[in-house]
Structure formats: structure tokens, C-alpha cells
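Down below are the structures I want you to see.
After this come two complexes, each holding chain A, first together with chain B and then together with chain C.
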Partner chain A sequence: MMLADLLHNCAACLSEGVLALTIIAVLIADMLLPFNTSRGVCTVLGVFGACAALLALAYAPPVTDPAAPEMFFSGVFISDRLSLIFKIIFYLGAIFTLLFSERSSELSRYRFGEYSALVLGAVLSASFLASANNFVLFLLAFETLSLCCYVLAAYDKHARLPGEAALKYLLYGAVASSIMLFGLSYIYGLTQTLSIDRSMVSLAEQAVLGTGTLVVYLSMLLVLTGIGFKIAMFPFHFWCPDVYQGAPTPVAAFLSVVSKAAGFAALLRLAAPVISAPQLAAYTSPVDRLQAMHLLFGLAACITMTYGNLAALRQTNAKRLLAYSSIAHAGYLLLGLAVFRSDAVEAMLAYLIIYTLMNLGAFWVVILLVRETGSSEIDSFAGAAFKSPLLFAVLFLCLISLTGLPPTAGFAAKFLLFKSVIAAGIDAMGGGARISLNAAYYFALALAGVLNSAVSLFYYMKFARKMVFEKQPNLQFACTRLEAMYALALGLPLLLLLDFDPLLDLVSGVLNPVLPTMLTLLK
Partner chain B sequence: MKDFLQLMGSTTATPVGLEAYLIVAAALFVLGLTACIARRNAIGILIGIELMLNAAVLNFMAFWRFQGSPLDGPAALAGPVMGIFIIVLAACEAAVALAVLLNLYFNFGTVEVDMVHEMKE
Partner chain C sequence: MSKLLLSLITFLPLGGMVILLCIPGRFSAIHRAVAVVTTGLVFLLTLVLAARFDPSQITTASVYSAYDAATFVECAWIKSFHIYYRLGVDGLSVALIVLTGLLSFLATFTAFSITKQVKAFFALYLILVTGMMGVFTALDFFLFYVFWELMLLPMYFLIGIWGGENRAYAAIKFFIYTLLGSVLILLVILAYYVKMKSIGVPEYAFNIPELIARRPFAYPGGATLMQHLLFWCLFIGFAIKVPSFPFHTWLPDAHVEAPTAISVILAGVLLKMGGYGILRLNYPLLPEVAGTDSVMYFLAVLGLVNIIYGAFCALGQKDFKRLVAYSSISHMGYVILGIAVLNSEGVNGAIFQMFAHGISSAMMFMLVGVIYERAHHREIARFGGLGVQMPNYFALAIVGFFASLGLPAMVGFVGEVLVLLGSFDYSRAITACATLGMLLTAAYILWTMQRVFLGTPKPEHQGFPDCSAWELISLVPLAVCAIVFGILPGCVLEIYRTSSAVFLSYF
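Now for the complex of A and B:
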């Protein structure tokens, strides 16, 4: 009985177990093999492990009722659609980061085993974070992820810029997470439990009922500091450009995808119980409850995306440009939390999947450009479009997808997100013809998102224009067939997912039928 | 054991209340944050971070000691568990931070954060 129970619980975190074993295997392989062979072997082992973890997700007990997600290990570990989708994002991020790193010139001097172990360790903790339903696991996963990322940023240890990047990342990050921890201690005091779902619902009840309001909001703000740092939200974004520029480019790609998605996983883990709590709806109308939350996230979203886009306009370094672009995308994603409804969360998840693909694609071409030209300044990429039209096509596709223009998945993702904001505005009107203040707020948010997308077109196209219309002699830019395959693997889905019905299905419908099929095939 | 607990003030009529612990923790937190903002030496900033972490530990322990953790079960050791894990994390963080700083010292010859700024807008 006990054993069966334990096995049932362990099955829920099978993919994490696979990752943990992979980390050990990679470290042992690196120890036994000489420098040159260990590089390839560690990459293959790491990628294989991440793929196996992706498949192992199919063995997780299927989610039957999204309203009552399954709990494991006495309610510490939670398995639901939210965690499943985030884990898919993390594992994809790990696979591509490892493949990119092996091809990058910036990491070629160092042994690869520890690097792979750190990447996989970060992904392992991110995946625990996505499943955490207890503040102890939440904290451990959050901090382990941060520690792995600090070391990764400093991995090129003989160069000066990575050292500076790691210093800034580490000091700001450690301060932000201590502030978050202090906020968590107040939340524990206010709600008397470490279980996230009970704690957050109780906290929201206190906010709605107005008991102990100041401390309630203070503790929420303190926690938001730590998470806001991870996702590069406006007042806590300043580390982002420096770290992306200084860190090795594959690490920057990893941070912009996995670390940011992990921040959103943490945020949604805390927000999801409140969004789906039936008892909270009873207090006031659905639109009016937790008005401070709507206002806070709406403002943060607007400022973050506007700041990111405006600052990106005058960047001359490709890595800095992508850093500001990733700040802007955190802003778009926060729009979903400003709405604070389950349909907006679905839109956020869809956006995150697409963002992962298009951002990794853009970073991949930049990694190759940095390898071939030895610089990350956009000026040094002039004329690269004609040297390798295929890579340029993929970069161009990723850039217009990041902008959110129609023939790409980026458009579908932005459309879904803005649609959920406008839908909230229409609901706020309550069927009447008069536009209430609440409705106007949502319409303004959607408008801000659309205007910001228009602004972002300028800098993305400036980047692409430089590569096409300017020439420079002696430019070397070529890639192997394998490297072109990576680019296509990231670029093609952006075209295939352009219709948003499949995109929605991917998030809400397809996962449910596909996973059991995979499960039966595997068995 | 009972005498020991009484000596430690474990009865309901404790001479020192929850507020006292919270005030000390808040003061510790503010001191740590001030150190992080005011200090220019990276080691000084790390010490500030440790102070803030300890403030959080003190809060967790005080809340657990005075309120318990009834929703997690009558015997839940929420406060001590959280406290121990925070201490573990603080140690890990210090190890990683010192490694990064040591490497920074090799490259820049200083750990003053103002002297390390090669990346410009």
C-alpha cells in the first residue's frame, strides 16, 4: 500500500527524475572522457536526457479535471496543464540551448560536462518551480535556478565582460530574492500555511475583505520584486541588457527563454489559485475583485513594454537589442495578468510557447553571426544576408514574428493575448452600450499593446535592413547543414502555426488527446 | 525538558511577544537593504544580503512559534523547515557569489562594484 502510493507519487515527477539522472550521467561522462570527445558526448547525452524528459511527461498521470489539479507528495507537488506546458517550454529550451552551445565559439575553450549539468540543473529546478505547491519547494527551485544561471553567465571566465555581467546579475538577483523571501515570511504570517494554493486564496480574501490591507499589499509587492526581477519587469529590468550582452550568447538565449518562462511559471503558480477560486467570486463582481492587482499588473505591463521598445530603438548591439526586446515581451505577457482571468492565462501560455520558438530562432542566428564575425555589433553583420540567405530568412521570419506581423505565429499569439484583454473590456461593459471606466482601462491596455508592436517594427527591421542593404568586403558567414537544420526546426513552426485555431488547440485541446496516444505507443 | 521550555519562555504567557521579534526582523531587513544600497564593495553587499535573509528566517520562526501552522497540520514544522532551507540557500549563494567575485578579482583586480563598468549604453 505504502509502496504503491510512493510509486504513484514518483510517477508524477518522472521527467524530473530523468533529468536528474541525466545530470549525473553527463558529469560522469565528462570525468572519464578526454576534452575533445567529451564535448560531443555531453551534448548528445544532455539533449537525449532532455528529450527523454519530454517523453516522460506523457507518463505523468493525465489531468482529468483542470479545476481540481492532482496533488502529490502530500500536496507539495502539483501536476496540471499549467505545469505541463511550462515543462514542455523548459525542456525545449534546454534541448536547443545545448545544441547551440556546442556550436558556439564563445564556450569552446571550456569543458562541456559542467556546462551541460548547469543548464540541465537550471531546467530541473525550473520544472520543479512550475509544479511547486509549497513555499519550501518554491523557494528551493527558485533559488537553485538562479544559482545555476549566475554560474552560466560567468562561464566564460577568462573574459572581462562575462565577469561583469555575472557580478551584476548575481548582486541584483540575490538582493531581489532576499526581498522576495522577506515578503514570503509575511505571507506565511498572514495566512499561517506554506501551502501555496491555500495561502494565496487566503491572502486574496484578506485583500478583498480589507483586513490587514497594508501588510497584505506590502507582502505581495515584496514577492513581486523577486519574480519581477526574473521576468525583467520594469523597475527590476536594469540587469537584463548588461547580462545579455556580457554573457555568452547561448546563455543569453537560455536566460531569455527558460529563466523568463520560469519567472512566469512562478507568477502564475501564485496567481492561478486566486484566479480559479470560486469562493472569491462571491464577494464582489468578477471584474471588481482585486482591483489593485489589475491596476498594478496593467501599469507594470504598459511601462515595461513601452520602456523596452523605446530603449531598443537606439541599440547598436544585437544582444542588447534582443535584451530590450525580451523586456518588451515580458510587458506583453503581463497584460494577461492585468486581465487576471483563466482565458487570459491560456493566451499567455500560447504566447510563451511561440515566444520560446521565435526568440531561440533569433538568438541562434545571432550566435552564428557572432561566431563568424567575432562581434555582436549590428554594424559588423552588414551584408550577411547574401552570404547565407537561408539563415537570414529564418532570422527575418523570427523578427517579424517577434513584431507580431500576420503571416507568422507571433501574430496569432499577440492576437490571442490582445483578444483576451478586449474580451475582458467587453465583459466589463456588462452588455450595456456605455463604456465604463473599467472597460476603458482594458481597451487602453490593448491599444498600448498594439501601438507598442508598431514601435517594435522599427528596430527589428533596422536590424534586418543592415544585413541586406549594406555591404562589407571580407565578410565570412556560412553554416553547416546541421546548423541550418536547427534554424529550420525553429523557423518552420512559426509559419505552420500561423492559424490560431491550431495554436489554441495546442494549448487547450491537443495536449489531452496526444498525450494518452503517446502513452499507449510507449507502452 | 519542561523546565527547559519554561526557561525558554515556552508557556503562553511569554514575556516577549510576537511584535518584538517582528520589529527586530524588520530592523534587520532595513539594515541589510541599506547596506546593499550604500556599500560599494561587493563583499559588503553580500553581507547586506545575508542580513536580509536572516530577517526572513527570524520572521518565519517567530510566526511559527506564536501562531503555529494549523492549516498545514497540527504538528507541522513549517517555520523551522523554512528557516533551515533558507540557511542552506544562503550558504550556497555565498559560495557561488564568492566564486564569481574571485573570478572578477582575477580579471579586474578589484571587487568595488563602481570600478566594474565596461558595458555602456
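Now for the complex of A and C:
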């Protein structure tokens, strides 16, 4: 029984185990092999490890009851729909980051063992973060992830800019994390438990019933500071453009996808118990509870996306532009939390999956452009579309997807997200003809969201403007067949996912992961 | 076959694009041929559609009887949201589909003068045709929106790559203006989806006929604030496309910078989409708001402002193409005025005006294109005496300009007169002012003709060849249409007469 129990627990974190073993294998391989062979071997090992981890997710325990997810290791580790989706995003992010890095010019001088280990380490901690149901594990995973990211940002150690970027990142990050830790200590004091689900529900109860003091809100705000830093939420976003510009481009891609998704994983890990708590639903109508929360997140969403979009309008550097765009996308995603309902969470998950694909796709073409032109200024990309129409087509697809135009998946993502916002508004009207204040608030949020997407078109099209409308005869821009394959692997799903049925099945839990029959046999 | 007809019309251009992409870039003659054959086939199919379409079947008897039953298709697409691939037409869409087919076919000949990146041009052009046809055939709100946006992407490149001096600016301005409008439409689509779901009929959430029939946001006791919000979101979305004052500023830039073929499509078809959206969605979905006295008056005045303002702007232009662009704003004002007054003459006139403007403005842009090819400038003041040098061109120009002016026995006349008859019923003051607009139209058209074609020939334009065969192929059919439909407007009116009656029955 003991053995079966242990195996059952370990099966829940099978994919994390695979990743940990891969990290060790990569480090050993790097030690034994000469420079030239080690690059290839480490990349391949890392990619295989991440792929294996992705497959191992299929063997995670099935989610039978979404309301009461199964806990492991005495309630520290949780395995549910949320963690599963986030792990898929993290592993996909790791696979493509490693593939991109091997092809990037900015990292060609360095050994890959440590690099792959750091990327996989960041992903490993991110995936623990997505599964954490205990504040200790939560904090450990959060900090390990941050540490890996700081080092990755400075990986191009002979250049000046990456060092500066990483130092900035580290200083900001350390302060934000410590503020979050401070907030967590308050939460522990208020709720007397380290278990996230119980603690958050009890905290929310204190907020709703008005039994808690101001400290309840203060503690939430402090925690939000730490997470807001990770997702680059206004006003904790200042590091973002500098770090993206300074860091090697593949690392910027990694930060914009995995690190940001990890921040959202942390946020949702804290919010999900409150959203699905049955005892909270009993107090008032679901839309009205936690007014302050709706207001805070709605405001944060609006300011974040507007700031990101407006700041991006003036950018001339591709990496900075994408950094501001990623800030704007954090804003759109926060709209889901302003709604604070389960359909909005599903929309956020779908959005994150699509965001991962389109952002990675856009970064991939930028990585190639930086390699070929030696500069990340958009001006230097002039005429590139005529040298490689395929890559331009993929970039364009990713950009209109980021804007949210049909026929791409980005439209499906925005459609689902804004739908959940409008739904909250219409439900707040309660079937009457009068637009209540609550409803007006949600309509305004939705309006802000769609207007922002329209504005964002302007800066995304800067690429098209330079690359197609202008000529630069002596530009060399080409890619190998393999590199074109990466681009297509990211670009094609964007066209197919306009039919968002499969995506919805994934995030709302109609598809159950494959049942590990082996384990049932052991029991 | 008839069930496939609408899908064929919509997706045949896309098929042509795939074939075109398979042909290597150096065979530009074959690319042109593929584009001509594809759009030609599409045009033939639209004629088949018009010939088989029976207007007398269009009634208000049931939800779907307002649409042609023989060609109506519906199959599930995105199941979890009850989004369907649903295509269907009524008289209004048939008229506009035939117009689109005709113009997209003729505009390909105009595009023969393009020598840069021919393959890419026609590939994008064919996507554009699919998008336009899709907008006129879709009866699913989601599908409609997908086509509506699909059209923007090729247009951006068509203006941006093959356009004039200031093309990048014009392209992004067009794109952002239209996108700003369409995101407002998106909000309305979402609101309808959520509302239909909350009243327990999610299966009809994107079904345009059912939405019109059920009016989920209607409450007894007149238009609510929510309905006003929805109405104005839709209206601004479509008015940007029309374009209506004060959202019209993208139009002169886009039309002037675009290559001739694209200006033809922009003026001939894209502007009609705004009017089509108002007639298909905006008014029928929210008749309570549209029928409110203050709204009717406001929109009628808005139409009037367009007529007068557009005409005054046209009077002041020095650039030939810009003048034609502003005349479009003026002419589309009649469409808004005709719809706003909500009577039979007004609505029939508005639809006819859309059709007529499609022919006359397309012709005007082609005429400007012809002279620009030769002179490489468009300054009206530098022209003069062209009538002597290019007699065939002059003859066609007379037809085109007079059709636009609204001379009796020309297409432009019928639409304007019907609209004015309708508005006379509604408000004499507005009609009186709109008639002044006709006077201004006559003024700028005649003055332009005088400056360009009459007077002594200028030495710098010596030796300009008359219209080439390709130019005649694209201009002559339009000239014929401009006269035939002016003398026999009934051919067009008959197609949509029952549909406009259905439209009016909503109020």
C-alpha cells in the first residue's frame, strides 16, 4: 500500500521528474563533450526532455471532479485542469526556446549545457508553481524561476547591455519578491494556514463579510506586487522593455511566454479557489461579491493594456516593441480576472495558449531577422519580405493574430475573452432593461479592450510597413528548411485554431488525460 | 447545384488564388489570365444567381422566407458556440453581389497596367473578392464578421505596396479606421450572443434571421439605453465604411493612393458594404431605435451633411482623383438619407443609389486612371482640351460624368430622385437642402469637365494615345450599364423590391 501510495503521488509529478532527470543529463553531457558537439547534443537532449515531459502529462491523474481537484504529497501538490494547461504552455515554451537558441547568433559563442539546464530549470520551477497548493512550495518555485530568468537574461556575458538588463531585472525582481513574501506573511497571520486553497477562501470570506481589517486588502495588494512584476502589469512593468531589449532574443521570447504565463499561473492558483468556492457563492450574487477585486483588476487591466499599447506606438526597436506588446497582452488577460468567473478563467487559459504560439512565432522571425541583419531595429528589416516571403507570411500571421483579427486564432482568443466580459455585464443587468452600474463597468472594460486591439494594429503593422513597402537591395535574409519548419509549426495552428472548439474542449475539461492504467493495476 | 452556388461564388476566387500561387512568378501573363478567368467565372455565377433568383418568393411569412430558399445553406461550424456556416441571399444582396462580380471582373483589366509583383497583386486581389462576396452572402453574424475583417488584410497590402507616393500612410489609416469600426461591431455580436444564451436560445445566437425575428433586447415601451448603445455601436461601425461624416477622412487618402483597380473596388464595392450592413443588420436588429423620431431626424440630417459637405469638398479639390473621392462621400450621403426616412421610396432609392454609385464611381476612377497612366499627374489645372486629343475617351467620360451628375436617363438620376421623393414625404426642409446638393454636384462635375476636356489642348499632353483595347473592355460595359439601367431602372428595382418591403415591415 505504501509503495502504491508513493507511486501514485509520484505519478502526479511525473513530468517534473522527467525534467529534473533531463537537467542532470544535459549537465553531464556538457561536461563530457567538446564544445562543438555539446551544443547540438544539449539542445537535442533538452528538447527531448521537454517533449517527454509533455507526453508525461498524459499520464497525470485524470481530473474527475473539477470542483475538488486531487491533492498529492499531503495537499502540497495539486493536479488539475489549470496546472495541466499551464504545464503544456511551459513545456511548449521550453521546446521552442531551446530550438530557437541553438539557431540564434547572439548565443553562438557559449556552451549550451548550462543554458539548457537553466531554461529547463526555469520551466521545472514554473510547473511546480502551477501545481503549488502550499505557500512554501509556491514561494520556492517562484524564486527559483526568477533566479533562472535573471541568469538567462545575462547569458550573453561579454556584451554590456545584457548585464545591465539582468542587473535591472534582478534588483526589481528581488524587491518585488520580498514585498510579496511580506504579503504572504500577513496572509499566513490572517488565516493560520499555509495551504493556498483554504487560506485564500478564508481571506476572501473575511473580505466579503467585512470581518477582516484593512490588512486583508493590504496583504492581497502586496502579493499582487510580486506577481504583477512577473506578468509585467502596470505599474510594475518598468523592467520589461529594458530586459527584453538587452537579453538575447530567444531569452526575451522565453520571458515573454513562459515567465509571463508562470505569473498568471501563480495569480490563478491564488484566485481559482476563490472563484470556485461554493461557500462564497452563497453570500451574494456571484458578480457582486468581492467588488474591490473586480475594480482593482479591471483598473489594472485597462491601464496596463492602454499603457502598453500607447508606449509601443513610438518604438523603433523590434524587441522593445514586442516587450510593450507583451505588457498590453498582460492587460487583456487581466480582464479575465476583473470578471472573476470560471468562464473567464477558461477564456484566459485559451488566450494564454494562443498567445504562446503567436508570440513565439513573432519572436522566432525576429530572431532570424536579428541574425541576418545584425540589428534589432525595425528599420534594418526593410525589404526582408521579398527575400523570404514564407517567413514574412508567418510573421504577418502572428502579428495579425496578436492584434486579434480573423481568420487567426488571436481573434478566437479575444473573442472568448471579451465574450466573458460582456457576459458579466449582461448578467449584471439581470434580464432587465436598465443598465446597472456594474453592467456599465463591464461594458466599458470590453470597449477599452476592443479599442486597444484596434490601436495595437498600428505598431504591429510597422513590421509590414518596413518589410514590404520599402526596399533594401543588399539585404541578405534566408533561412534553412528546418528553420522554416519551426515557423510553420507555430504559424499554421494560428489559422486552424480559428475554429476554437478543440481549444475550448481542452480548457473546459471535456478531454480527459489518458488514464494511467498501470497505476490502477499496482493498487 | 443551387445549394452550392453561393459557396462557389464566395470561394471560387480563393481557389483561383491557390492556382495562381502554384504558377512561378515569371509568367505574369498567366497570372493575369488566371485572375481574369476566375473573376469572369465568378461574374457568370453571379449572373446565374440573379437569373435564378425569384423576388416574388421573398415574403414576411416566416423567419427564413425573407431569403432565397433555393440557395440557402447552413451547416455547423464551431459547435460549442453554435456558429454556423450559413449563407443566404435576398434581393438586396443579389443586387450587390452582381455589382461586385461585375466590378471585380472589369477591374482586373484595369490592373493589367501593374507590372510590379504581379503574382502577389492578383493573389491578394482574389482574397479580397472572396472577402467581399462573403460579406454579402453570410447570414451568420460570426461568419459575417470574419469575412468583413478578411477583406481588410489584402486591402492593406494592395494600397500599401502598389499605391502612390503616400501609400503607407493611406494604407494604415484605412486599416485602423475600418478596424476601429469593426471592433464596435464585434462588441454587438458578443452582446447578442450572451443575451441569446441568457434567454435560453443559444442555438440562434449568431443566426441573423432569427436575431432579427426575436429581437432579444426589445422591451415594451420604446427603445432602451442598451438598444441605443447597440444601435450606435453598429452604426458607427458601418458608417466608417460608408463613409459618413465625421468618419470619412480615411477615404480621400485611401482612394487617391490606391492603384486604379483598387480605387474602383473601394468606391464600387467597399463603400456599399457600409450601406449593406446598415440595411441588413443595423436597422432590422434594432428597429425601435431606428424608428425613433429624433434618431430618424438626426440620421437624415447626417445624410444631408454628407451630401453638401462632400460636394463642397469636391468643388475645392485640385487633384482629379481626390475630387472623385469626395464626390463618393457626397453620393453616399443619399444612401444614408434614403434609409433614414424609412419609407418605400427612400429605401428603394437608397439601394438603387448604392448600385448606381457602384457603376458611376467605378467608371470615374477608371477614367481618372486612364489619364494618369498617360500624364503621370492628376492636377486638374494642368489638363485642358483632352476632348480633342482623345475622342473615345471623351465620349466615355461624358457618360461616366453625367451618370455621376444624375442626368435623367442615367443611373445616378434614378437613385437620387427616389431618395428625394422619399425625403420629401418626411421633411421638406431637408429635401430642399439636398436638392441644393444636386446643384453643387452639377457644378463640380461640369466645371471639372470644362477644365479637363474643353479649351485649347496643352502641348505637354500632345500625342496621348486614345483608350487602349483593355481600357475600352473595362469602360464600355460600365458605360452601357450606366445608360441601360438609367433607362430601365426596373431591372434592378425589381430584384430587391420585395426585399425592401420586408425591410420596411420591421418598423
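Observations
We adopt the following convention: the second predicted complex is superposed on the first by the 508 of 523 C-alpha atoms of A that agree within 3 Å, B and C clash if a C-alpha of one lies under 4 Å from a C-alpha of the other, contacts with A are read in each partner's own complex, and residues count from 1 in each chain.
We take it that a contact is a pair of C-beta atoms (placed from the backbone, for glycine too) under 8 Å apart; a residue touches a chain by one contact, two chains touch by 3 or more.
Computed from a predicted structure; not experimentally measured.
By the touch criterion defined above, A:393 lies against neither chain B nor chain C after alignment on the C-alpha atoms of chain A. In the superposition on chain A, A:303 makes contact with neither chain B nor chain C. Of the two partner chains placed around the shared chain by superposition, chain B is the only one that A:198 touches, whereas chain C remains out of contact. By the touch criterion stated above, A:166 is placed in contact with chain B alone, chain C being left untouched.
Of the two partner chains placed by the overlay, only chain B lies in contact with A:188; chain C stays clear of it. Once chain A of one complex is fitted onto chain A of the other, the partner contacts of A:406 are limited to chain C, with no touch recorded for chain B. Of the two partner chains placed by superposition, only chain C is touched by A:469; chain B is not. Residue contacts after overlaying the shared chain place A:136 against chain B, while chain C stays out of touching range.
On chain A, the surface touched by chain B in one complex and the surface touched by chain C in the other have no residue in common.
Those residues of chain C that touch chain A in the shared complex are 77-81, 145-146, 149-150, 152-153, 156-157, 160-161, 167-168, 171-172, 175-176, 179-180, 183-184, 186-187, 190-191, 193-195, 197-199, 219, 224-226, 229. Against chain B, in their complex, chain A makes its touches with residues 135-136, 139-140, 143, 147, 150-151, 154, 157-161, 163-167, 170-171, 174-175, 178-179, 181-182, 184-186, 188-189, 191-195, 198, 241-242, 245-246. Residues 400, 403, 405-407, 411, 415, 418-419, 422-423, 426-427, 429, 431, 433-435, 443, 446-447, 450-451, 453-455, 457-458, 461, 464-465, 468-469, 498-501, 504-505 of chain A are the ones touching chain C in the complex. Considering their complex, residues 22, 25, 29, 32-33, 36, 42, 45-46, 48-49, 52-53, 55-57, 59-60, 62-64, 67-72, 76, 78-79, 81-82, 85-86, 89, 92-93, 96-97, 99-101, 103-104, 107-108, 113, 116-119 of chain B touch chain A.
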